[in-house]
Amino acid sequence: MPEIQMREAIRQAMDEEMERDENVFLLGEEVGQYNGAYKVSKGLLDKYGERRVKDTPIAELGFTGLAVGAATVGLRPIVEWMTFNFALLALDQVVNNAAKMRHMSGGQMKVPIVFRGANGPAEYLSSQHSQALQSYFVHVPGLKVIAPSTPYDAKGLLKTAIRDDNPVVMMESEMTYGLTGEVPEEEYLIPFGKADIKRKGKDVTLISYSKPVHMVLRAAERLAEMGIEAEVVDLRSLRPLDEETIYASVRKTNRAVIVDESWPMASVGSHVAWLVSRNCFDDLDAPVELVSSEDVPMPYNHTLELAVQPTVEKIVDAVKRVTYKE
Amino acid sequence: MSDIKKYDSEFLMKALRDMVLIRRFEEKTAQMYGLRKIGGFLHLYNGQEAVAVGAVAAIDLKTDYILTSYRDHGHALAVGMSPGSIMAEMFGKITGCARGKGGSMHMFDVERHFLGGNGIVGAQIPMATGVAFKQAYLKDGGVTLCFFGDGAIHQGAFHESLNLAKIWKLPAVYIVENNQFGMGTAVNRVSGIEDFHVKAEGYGLQGKIINGMDFLDVYEGLREVAQDARQNGNAWVIDLKTYRYKGHSASDPAKYRTKDELESYKQQDPIVQLKSRMIDAGVLSEEQYRKLDDEVKEEVQAAVDFAEKSEEPALHTMYEDILA
Amino acid sequence: MAEKVPMTALSPTMEEGTIISWNKKEGDTVAAGDVLCEVETDKTSVEYESSQEGTLLRIIVGVDGSASVGQTIAIIGEKDEDLSGILSEVEAEGSASAGPVKEEPAPSAPEAPASPAPRESSESGETKNEETKAAPLPPKEDSPGGSRIKASPLAVKLAAERNINLSLVKGTGTGGRIIQRDIEEFRGVPGGAGAVGGTVTGGAGGSAVPADQEIPVTGKRAVIAKRLSESMYTAPHYYLTTSVVMEKVVEARKLLNESASGKVSLNAFFIRFVAEAIKRHPGINATWRGETILQHGSIDIGLAVDAGNGLITPVVRNCGNRGVRDIETDLVDLIEKARTGKLKPEEYSDATFTISNLGSFGVEEFTAIINPPGSAILALGAGKPTPVVRGDGSIGAATVMKMTLSCDHRVIDGAAGGRFLRELQLLMEEPARLLF
């Protein structure tokens, strides 16, 4: 099976779906001539032309709203936000229009649209450009939200997203665009709402998604050296959320550590912690732990910015707490 | 002033009837609001009837689309939605056009190409631009009319949309229903200019002022720009001067303007004007008008009765219509 | 109108009581104040006085049946009333530990299953299962000097499955939380009622093996188990042992007993000496309350007494300024009541210091578990002839007793405990020191 980069996997998904369906088009800042700020859309302008690969002005609210409108009348836009930090400018169109049109019209409308781009902390970017903003989107009924960690998952999930008749937000990570992984040549789709067990274990369940999954897997190796077999659940899809896989794992291991690079308050992690506490209460041998970013804006200084985020050490410490191995 | 004699009586009668229907419907709606049959925000269209009716007459909803703001009853009736489904929606009943989920601000009829009913000031403008994008993308010859109030002019969404419409040559007509007040604030207190068609110029588009108190002016004016938009991919900004008789919403006593001002606009009432011109032209008698008015009143009462008799939505419907 | 007669709390710590006898039978007229039945509480047996009037229509909890506080034990009303409504309400209480009305059947099922206990055919079996199932739940309220049992939800579930009483399990998790590991490693407490899910005895070969006996943990036994394990696992104990040459105490007692009618016990002397030592070291007479330490004004000394069916600790109040004879009068009365189960709650509660004397069993020395709300307990062994070096350097034989003080380190530091014990030792070896 060929090993390809994350950016290539995403590009393949868009390419295949654009080829399959004429109504699919891509718009965003620098997606065309520049081949994408992170080179995710490389070659698509050449292949599909100006009609279907649209370089936009820097006007997130406008081009996002335009895409929402186009989706309500039958097109299937892919909106690339250069990063989710800038998507905040378009939040009104996502929350008040994309997520609400079907509801407000009593089921008359549908909004088949994909919003995607880079989310989460990168490096040396300070507080406006290093934010994990998934809470803003998962909070909203009427949206679907996915956050893949591997090229394989990204391609399969994005193809599903483009075919979905609902607004789907795909949160990628700048730091993983260069990450390689096996992706089959034949076509495949990954359904939403299915978590993936990235590592089997019996002693503790580590729940994560997106970029931090790789750190969690490293932590699991460290834990294995200490004799603790961690099970790693990659949520992949945040809304809908695969609660059953989470519960099945926690009921087996009796302890859960959630790793989420968002801020701790009202996050995916805190929500999952609540779900586990509520639904696995009698199976828990320790309080659910949440390893999140510190509750501060991201500093520029590299030592500080690393200290703000989850680390292998923080994860290992949390596991020690829930296994009473302190 | 355009020559009324160019138009056949059927066309004029329909326009008159639609305008009277909106007026009577809104009067009844205000009453139902007072009786607490309708809750929430209620934005009435009295006085602006010529705009919606003239605009709908100017386009073909088989290919064309209309989007508007929360002051949407007039457009909903003008595109031909049944008064019953609109009233029932405001009553929150399951028979409402949005199954009781939208209310006054969110009238939709996708089949009739009426895409709402948006409650966020200016939020429909980029969406309408996207609808026009689809028309350009598929080259289907359609045009999109996007209505909004003068209050929305200063939203970034408006300006970003104009630019996109220009660079991608989108068949969009941006229509400011300039009723002189953004909620309770007079236009001249929040805007450097009072004629908004000039906003077009900054984006390389064309603009135009249209008298919104006259049905034929609206009809002819919008027909011309819609044609240009659909044929040449030129987007337009129309400053359509109109006046709302009522407050911004049902909870607004409209103390920020004088009775004299309101009266002076009522002299130019679009219904009175069209009616008298039709009588002058010999296509309408007082008798016929009374009959038309009576029929409309009956139709509006029937809408209220329908809404009254309709069922409340079942609780489980709260989980429906969220995802496709 | 028929009314339910609820079990009420007949002692400060009672959560459940067992009916020893019914003084009224169904159909009898009951006036307010009449004794309805006799109830064994966690500490003693108490008469249940009715506060309701009417005819005793139905006894719900029969003799030897137990009921938790609030649970219906009988129904009082007017003769010939229809009870179907109220009876279904009573049934709905889910009477977890309601005893059988009829005569108690055989004490235990011959083959108790290992795990997890399925339904047994006899009613007593069901009763027992439900009791043990309920047992692991943490107590509802904080008991004085102790704290709530903290256990992970999983541990609670596992303990219930395995019929393990959580109060006997030592928690090794954060803050003493009982966790899965603690349940899995739990092997029961020697002599205590630990894992009560019986085992099947493999009766190999010809010789008859006596069947295991399963003794339900109820009333007093359960309270002893709970309170002492709470004490053991929440109060950090440490132990100080010293020896006392008993000659002068023995002499003093002899002197007194010769000069007066009626004998004064050694225990009265011990109480007297301890009270004096406490007066000189009042920090010993204290209670741990989490946020504060309560130093008691009154010196209330409990004496552990074997009441036949379990330990009880009658308390001699305000010993600070009382002579041995006075103390002895109280002791005689209290011990008699203890042995006949007649102690009232106020006579056995709230000792600020406790003495446990196992000398009569020949025990040389031992360590005792602190009896809350006190923060220290003195364990006395048997006096034994021992060679001693006297003050003048000569060697001789003397009766020497070993005594061990258990202290709650949260309240009493080692040095404070040491000073107290030294004081006590000096007082006992030279009673004249009582004067100065």
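The first chain written gets the first letter, and so on, giving A, B and C; residue counts start at 1 in each chain.
Note that a residue touches a chain if its C-beta (ideal position, glycine included) is under 8 Å from a C-beta of that chain, and two chains touch if they have at least 3 such contacts.
None of these values were measured; they are calculated from a predicted model.
Where touching is counted per the definition, subunit A and subunit C have no chain in common.
A simple rule picks the central chain: find each chain's mean C-alpha point, then take the one closest to the mean of all protein C-alpha atoms, which gives A.
Among the remaining chains, the Cα-based centre furthest from that of subunit B is the centre of C. Centre-to-centre separation between subunit A and subunit C, using Cα means, comes to 59 Å. Once the centre of each chain is set as its mean CA position, subunit B and subunit C turn out to be 84 Å apart. With each centre defined as the average position of its C-alpha atoms, the distance from subunit A to subunit B rounds to 41 Å. By the touch rule above, subunit A contacts subunit C in their complex via residues 254, 281-286, 321, 324.
Partner subunit B is touched in their complex by these residues of subunit A: 25, 51, 54, 56-57, 59, 61-75, 77, 92-93, 96-97, 101-112, 141-142, 144, 165-166. On subunit B, the positions that touch subunit A within their shared complex are 65, 67, 96-102, 106, 108-111, 115-120, 123, 125-134, 137, 156-157, 159-161, 163-164, 167-168, 320-324.
Remark: subunit C residues 152-157, 172-174, 179-181 touch subunit A in the complex.
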